[in-house]
């Protein structure tokens, strides 16, 4: 699959998890694309952890406001009904269970719902930023990522990188399919018809339970 | 002494404890009078625990604003440079050590600096309101009160009413004199010339240590 | 999203036995219209969480006088003689909490904290039955979060999505309580269009608010 | 009270080894003029508390690049390669803290709390050497207060008594940090007369502020 198609496939499928009226935080990178695919008949509100709700699209060129950026330091806009606040309120929203969902990428995710996405010891130590708070506090945690790291499985029996949070992931969405974290392990509920069950099993280090009701991966 | 003179004497003496630039919370009743006697050469800022700093005097008749009242529900004003906030910020100020002083009345106060001013079991249970926070959080706690309750001592060896806070009072100012709470007990540092050392000892249940440097009680 | 509803729809949500947080400070910044609706409906056995019980004819006081409250968690009842009478007569359970602790507990409930440590109340009856925790050699009381089924908020101005502005001393517990209840209802005399309140100065966030009711007699 | 000072008076207050909190989020809402003055003075062995270390040529990043920092307490260093390089080379001590925990710790420092309980970090390396406390059967980490010698705050507008307004996304940690340091300095391009900012919308309270400095190149 083409790299951009992969990303769009994932973002489109994540968008279908959103419900009308949801308050959602989208992580930097791939998760940001989800905003482009929200179904027309629903409206969601995006939170930006640097201090506002009602995050809108990037401004037109020349319309940038140096005082209005997102958590990745990119110029953005605010939609009518949005509001600004300080970091304490921002994380009160995140940690207080007021986010209906957070969508994040992962370095590793495992069958117990553990997530590792903030450091590789000795190599890359960017820091957790707001990720630990988001994963711990949001009502639903959706991991949205390319299925493997250039062929190396990222969905594991057990994460071996330092965790972002233990047992908090609800759903994993990749270009290959949709996996639910259950008490029994990872349940494959949807499969991208571009791939076979065997393909996804090979690309996954964790045991995959194949749903009796396995469906074709939706994108709309 | 005349009742109003008693109150003014106490309030005037408390006012001398204030330093230029101080942020102060004055309790309801007698402590409120302190604002009338702040020396002309200093300026203090008053906090109102219902949610602002820059508390000003009562408005002229007909100028009352129903949205601007003090913690006693009386119409007041706000001075230039003042600011409004919510109860969380208000008590963040109080508990975070940002008040240079709080001035409160007492039912009882003792030689260990214990204060009881919020209830008489079975009789009067108004609740502590913000008193416990003020006494625990302010940098200096000044008790301003009439020396006795119609002849019954209120300054005791040990409070027997439920405490507002333990060991937090710094200074006691009555119409009879000024007493400092020290590790050795109550030190009488100033005496109102209207009274003798014997008078104040008789009106006090706690041991009074008389300062070697005992001074006449100042009112200006 | 337009969250404006009729008072009837609000009244239908209020049931016997509910726990209700109510904003206001001695009736200043209190949602009088919502309270009046509850008085009219006459639901019983309510638990009320509020700074104070106001006055017999104002704010929360009206619910007390109408004997709809079985328990009140508050910092002050001294301005409402009926609260004291019902307490002494054993008709009402009153839990007295230092005002700053009450503010922190409501915030903890809204911000996902398991509790906060405070020196307020140490050495007093407030410390009874509470965990004491030592940090850096200093002792603190552990105060735990408070949440409610419903929060009733008064605003000076609210947009249709629930973003609210509270002027002067009416702010008090209102923005806090909006974060800590399953159902949050804001009352204001002025209900404006979405976008009319500058996003810099929104004080109660619309994301916390479920319903907006046009108020008539804001205290 | 007029708290406006020259930058020299500010620079004189900053000494080797101080602990300094700095507002801003990736350089947005960061006091660049104050930082530049510290860079110019060249004091060493600073401990910096901030959301992030921004970029090599912006905000806090400049202090790192200039090797004036021995320790940084922060949630994110990923946008500043020099921070990572100094960390790997053993030249800089980096304490990584979840962003929400950092906000709560600074608030606890400013609001007199002994700590707060949070589930964030449970089951991760963040829990190392921390007390775990159980409330209602649920486990939490105890996170303790943070304070600093100095807090550097950026504002969009400040009055001469230190009341400040932070527009849009520039607010972030600024109002919080102003509560939690012994010396608080606010920088803004716009310094206005006392009373010019509506008391309803003051975001950083002047009562927390010691000095006001006219800024030149606010980030």
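A, B, C and D are the chain letters, set down in written order, and residue numbers restart from 1 in every chain.
We adopt the following convention: contacts are C-beta pairs under 8 Å (C-beta built on N, C-alpha and C of every residue); 3 or more make two chains touch, one makes a residue touch a chain.
All figures in this text were calculated on a predicted structure; none of them were measured in a lab.
S.K.: Return the distance between the CA-based centres of subunit B and subunit D, expressed in whole Å.
M.R.: Each chain's C-alpha centroid was found; their separation is 35 Å.
S.K.: If you average the CA atoms of subunit A and of subunit B, how many Å lie between those two points?
M.R.: Chain centroid spacing, subunit A to subunit B, equals 56 Å.
S.K.: Please compute the C-alpha centroid of subunit B, do the same for subunit C, then give the distance between them in whole Å.
M.R.: Taking the average C-alpha coordinate of subunit B and of subunit C, the gap between them is 29 Å.
S.K.: Of all residues in subunit B, which are in touch with two or more distinct other chains?
M.R.: In subunit B, 52, 78, 84-85, 91, 95, 137 touch at least two other chains.
S.K.: Return the residues of subunit D touching two or more other chains; collapse runs of consecutive numbers into ranges.
M.R.: 104, 107, 112-113, 118-119, 167-168, 199-200
S.K.: Viewed as a graph of touching chains, is the assembly arranged as a line, ring, star, complete set, or other?
M.R.: other
S.K.: Which of the chains are touching one another, listed as pairs?
M.R.: A-C, A-D, B-C, B-D, C-D
S.K.: For the complex, give me every residue of subunit A touching subunit C.
M.R.: Listed in rising order, the residues of subunit A that touch subunit C are 21, 23, 43, 45, 47, 52-54, 78, 80-85, 89, 91-93, 95-98, 137.
S.K.: Can you tell me which positions in subunit D touch subunit A when the two form their complex?
M.R.: 25-29, 51-52, 74-79, 84, 87-88, 94, 96, 98-101, 103-104, 107, 118-126, 156, 166-176, 203, 219
S.K.: List the residues on subunit D that touch subunit B in their complex, please.
M.R.: 1, 107, 110-113, 159, 161, 163, 179, 194-195, 199-200, 202, 205-208
S.K.: Quick one: in the complex, what on subunit C touches subunit D?
M.R.: 104, 108, 112-119, 131, 133, 135-136, 138, 140, 142, 144, 165, 167-168, 199-201
S.K.: Quick one: which bits of subunit A touch subunit D in the complex? Just the residue numbers, please.
M.R.: 48-52, 65-73, 78, 84-88, 90-91, 94-95, 114, 122, 125-133, 136-137, 162-167
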